[in-house]
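Paired with chain B in one complex and with chain C in the other, chain A is shared by the two complexes that follow.
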Partner chain A sequence: MFDLSSRISKIVFGGLLVVIGFYLFFPIYWMITSALKNNAELYQIIPTFFPHEITFSHFWSAIAESRLLVYLGNSLITSGASATINTILAIYAGYSFAKYRYAGRQPIMLFMLSAQMFPFGLLLISLYPVMTSLGLLDTRPGLILSYIVFALPVATYMLYSYFSQVPDELIDAARADGASDLRIFHTIVLPISVPPIVTVFLYSFMWSWNDLLYSLTLIVSEDKRTIGPGLLLTYLNETNADWGGAMAASLLVSLPIVIAFMFLQRYFIQGVTAGAVK
Partner chain B sequence: MSSDTAGPVPTRIEDYPVSRHARRGGLQAVQRRIGLLMLAPAAIAFAVVILYPFGQALALSLFEDTLQSITPTFIGLRNFEQVLTDPEVWGSFGTTVIYVGCSTLGTLVLGLGWALLLNQKFRGRGVIRALTLMPWVVPSTVSAFIWAWIFNSRFGLINGLLLELHLIQVPQAWLSTPEGAMLAVILTRVWRSIPLFMAFFLAGLQNVDTEQLDAARVDGAGNFAILRDHVLPHLRPVLIVVVVLGVIGGLQDFDTIYALTGGGPVRATAVLSVEVYRKAFEQWDVGMASAIGVLWVATLLPPAFFYLRLLVRR
Partner chain C sequence: MSRLELKDVRKSFGTTEVLKGIDLTVEDGEFVAFVGPSGCGKSTLLRLICGLDEITAGQMAIDREIVNDVPPAKRGIAMVFQSYALYPHMSVAQNMGYALRLAGTPKAEIEQRVLAAAKVLRIADYLERKPRQLSGGQRQRVAIGRAIVREPRIFLFDEPLSNLDAALRVEMRIEIARMKERLGTTMIYVTHDQIEAMTLADKIVVLNAGRVEQVGSPLELYNAPVNRFVAGFIGSPKMNFLTLGARHGDSYALPGGEIALRAGLEGATTIGVRPEHLEIVEAGRSGTLGGTLTMTEHLGSDTYAYVALPGTEDLLVVRLSGERALKTNQKVGVALDPGMAHVFAADGTMLASARPVALEAA
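Moving on, here comes the complex of A and B:
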């Protein structure tokens, strides 16, 4: 797009690449190296750029002495379940909006979308008594259900904009052959929609995986806590913050989702931006 | 008793066995029903976890509902009266404007810059693009941890760097000063949001007409002129979407601030989301919390309306 043959443009290009790149990536590097330093090296006024001596003790203590694995397991269960539910709901709702005409279709869709702007904290105020009266306070199903709040509107919209692009001729041809609508959807449309479905699943998963607010409020017992509040209450509420442990734990809980994204990022970027860019 | 298999003799035209579709008013009616059936599960879930709580919160804002009150009592608009005359709530609005404004603007500039850089072809570009997603996908608590450690009052990276450069003489407690805390939460928010903005801009850049750019270059346009006259105008629609999404995301953001500063020092970083949480779940003043939340919705409505109109127009 830009002509970088002149020297000045090369310098500007390289300079900006280094500066913004430093801002984006150095904190990640800092998390990794801080996790690998021993305490003597970690708690120096002037920090070392490379760890002089690499130690894995923070990782072992994060795993052995805290409930990190319990939190991770809880996060996997709640995020996985809520993402699955969300994806299934969004698949059908998105297809319905895209391919069927009925009274109120447009207003319902707009209203669902606008729910993205309802403050999550405000919804939580009323979700709390709802969950209490259903007996779902401090339970994983309660948290899983509440997580629908975060991602359902956008997930539905993303799948709606994808399904809108599926040619009607494809569906009409199958209909002419006598296939029922549900059959057409399940055997013809769904198999060609794997990439956007993966995107929506990841999107929903990430919302729940990152959540702090809902889990902090709706979960009380330590054995059901997820990573967000788990990490916060383990490492920052003590008088002596254990930064080595905090960085090691941060690294460990980030790994699953970072790895998943490295593999699926192409789909993801296409899917998330598809509706907005055309 | 006659045999059941024969069934009643048709007396009205509707009862004659015709095609399933025709009988119920044609193919369209059947399809309408299938469409509604497919929508139903999502609509029910939506009503239970979003719509009902929202309506409930609207109603609660008209009640006095604190730990002291045994049952909520209807007090009309008095919560709003109290909220609107409360300097702390106004302060919270101001803090929110600064936080959301600065972080959206910062992300916009850096996200656009990063997208333009990564749109050029160079070796290692694919790897950098993939790695760029990392700040976005790490859990929000983790990003708060990283930045809290960088800003640490004794052993933080920033203190270390500034001491090395002799810009400060003793380590500073950045997060204990209002400005330092605000800077830290904004830097964290921008850091987390750049990847998504970049993704949107990169997608928008794919549609730039390269022939038009080549023609402009033949006419003697430099890089800056190309950017100003061709690339930026082309990105305008994406720009609007990104700004609206950024504002909404910033307003919703609770995690970054709660984990990094808890809204402090004192109230320096207490944005509306933190304020609602504190009122509702620390002071258990549900009526007041709802009133603040409702005012917050009112501030969200203009960008929301703008955003929805954009989506509908397409």
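Moving on, here comes the complex of A and C:
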């Protein structure tokens, strides 16, 4: 092993972090500055790193764009519904995989995870005819269903890993106290599993919130369009490319998500099981 | 009345048989300790009695009612787990009242029973706290309290004190002894701690590899172990074992000397002598074993002397009472009273115990 505290490794790792940080944050920086530049500056051949003159006009026009609100609402409905259903399914599936022994448990789990190994663009090709034949094309349930298909395996696996760590003695104690299996799950296991459940919910939510491809393909109607394709088709279509507007609108619509994350992030680090055993 | 009866109880996990036919009776109000090396099946047996696992074969009865298929809560048994297993999101009061709440006990009665148990265990001031806000000893008390409020017919403890530090362990041991006096309920207690078993139990069950080796009172096991396993397991420091050499009549060669055993013992191969039945004397005294004193340990109340005998690997442990100044790395004699020797046959069964009186009793 090399020494992590040595000067050289500090410099190497520090440099690495700067590079990674740049990749992570530069796009956000570019989004913000682009949104604040006026069109003349925005389309200069040699882009400016810092806006010479700050303008909020892109933001005002984005707020005035009423379609954005419809898209935002649609995204909230599809993402909220798919994340909720997905989390509920993953909770029960994950717990069953973690704490019950039955034939076929391992194969079923592997089978579920194997769905994750295909590029999701590829799966869209087979999903499309399925949706068509089920009459789910251009419907919200269809889109929600396809999001669940993709987020469920990983969500289940995440909760499976967590539930596996719930001490068996805790469950045994409740059983000895006279609780039924479902009762144990709902009154003992669930209450101590809030942080991982919130994490899984956010993961599933992000999955559908960030989606462009599925929504763009499966939804045709304007009134059901979600925010990703909505932004794209509003600002960057065949006839014009309003980069400043796109950036300002993107920033505005990410605000609710950023705020939600700030409130929920404490769940990620909270350790609720402390004091249960030992 | 809470009498527990096991008849040829077996338990297998898949193809491995962990318990290989346990016959055992625990009388009403008795305090029974299960001891045995780690992995011998103590916890498994306790879980079967509790009803957490199903027995593979055999019969289990509580007060003459066969409970093989009765779920845990209906058996009237409460178990205290090694890891405490407190519900982390519930307060102490909620933890203790959980079983009663499930059983539909009226709220007022739950509160009153929880408070009564908490007072006895001196945790009444912590009823609103969460387990993580308690010390190890307090958590242990809550775990015991959770069992007490149910007023079970039988208490089960699975190494309840093994997570506590030495001082707290002694304190809780006394607490459990008091609880036994006060409640008079049947209790089964798994431990690997000799002192806990010897001091608390009316009856000790020695388990080894899924079988009962011996059942008896602490002193019976100490004085008249039925075989070499029990002899070596009960007592601390462990019993010394010496292989018998060439025989002349009733006299046998031993490393560094010889011993004359009781007449008529056929098939004797090994003797066992407890450290407290040996004495260090000057080298060369007749009738003693000659060896080299290699090390001493001073415990204040006792001194342990370790003697290397010629031709043996294991050091002979001699327990001397009080402070004894001994020079190490010198030749010494070890005095051995033949009447204090346990004699074992090749298969480990005991041919003669140290005290003939106790042997007749056994």
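We take it that the second predicted complex is superposed on the first by the 219 of 278 C-alpha atoms of A that agree within 3 Å, B and C clash if a C-alpha of one lies under 4 Å from a C-alpha of the other, contacts with A are read in each partner's own complex, and residues count from 1 in each chain.
Note that a contact is a pair of C-beta atoms (placed from the backbone, for glycine too) under 8 Å apart; a residue touches a chain by one contact, two chains touch by 3 or more.
Remember, predicted model here, so these are calculated numbers, not experimental data.
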Contacts of A:179 with chain B and chain C, given as first, second, both or neither: second
First (chain B), second (chain C), both or neither touched by A:210: first
Which of chain B and chain C A:34 touches, first, second, both or neither: first
Chain B versus chain C as contact partner of A:262, first or second or both or neither: first
Contacts of A:188 with chain B and chain C, given as first, second, both or neither: second
Contacts of A:169 with chain B and chain C, given as first, second, both or neither: second
First (chain B), second (chain C), both or neither touched by A:99: first
Dominant contact partner of chain A by residue count, chain C or chain B: B
Touched partner set for A:23, first chain B, second chain C, both or neither: first
Interface residues of chain A shared between complexes with chain B and chain C: 272-278
Touching residues (chain side chain A, partner chain C) in the complex: 167, 169-170, 172-179, 183, 188, 191-192, 272-278
Contacting residues of chain B [partner chain A, same complex]: 28, 31-32, 34-36, 38-39, 41-43, 45-46, 48-54, 56-57, 60, 110, 113-114, 116-117, 119-120, 128-135, 137-150, 152, 154-155, 157, 159-160, 163-164, 171, 191, 194, 196, 199-200, 202-205, 207-208, 210, 213, 217, 222-223, 226-227, 231, 237-238, 241-242, 245, 248, 251-252, 254-255, 258-259, 272-273, 276-277, 280-281, 286, 289-290, 293-294, 296-297, 300-301, 303-304, 307-308, 311-312, 314
Of chain C, residues touching chain A in the complex: 47, 50-52, 71-74, 77-79, 81-89, 98-99, 102-103, 130-134, 136, 139, 146, 150, 163
Touching residues (chain side chain A, partner chain B) in the complex: 1-4, 9, 13, 16-17, 20-21, 23-25, 27-28, 30-31, 34, 42-47, 85, 88-90, 92-93, 95-97, 99-102, 105-106, 108, 110, 112-130, 145-146, 148-149, 152-153, 156-157, 181-182, 206, 209-213, 217, 227-229, 231-232, 235-236, 243, 246-247, 250, 253-254, 257-258, 261-262, 265, 268-270, 272-278
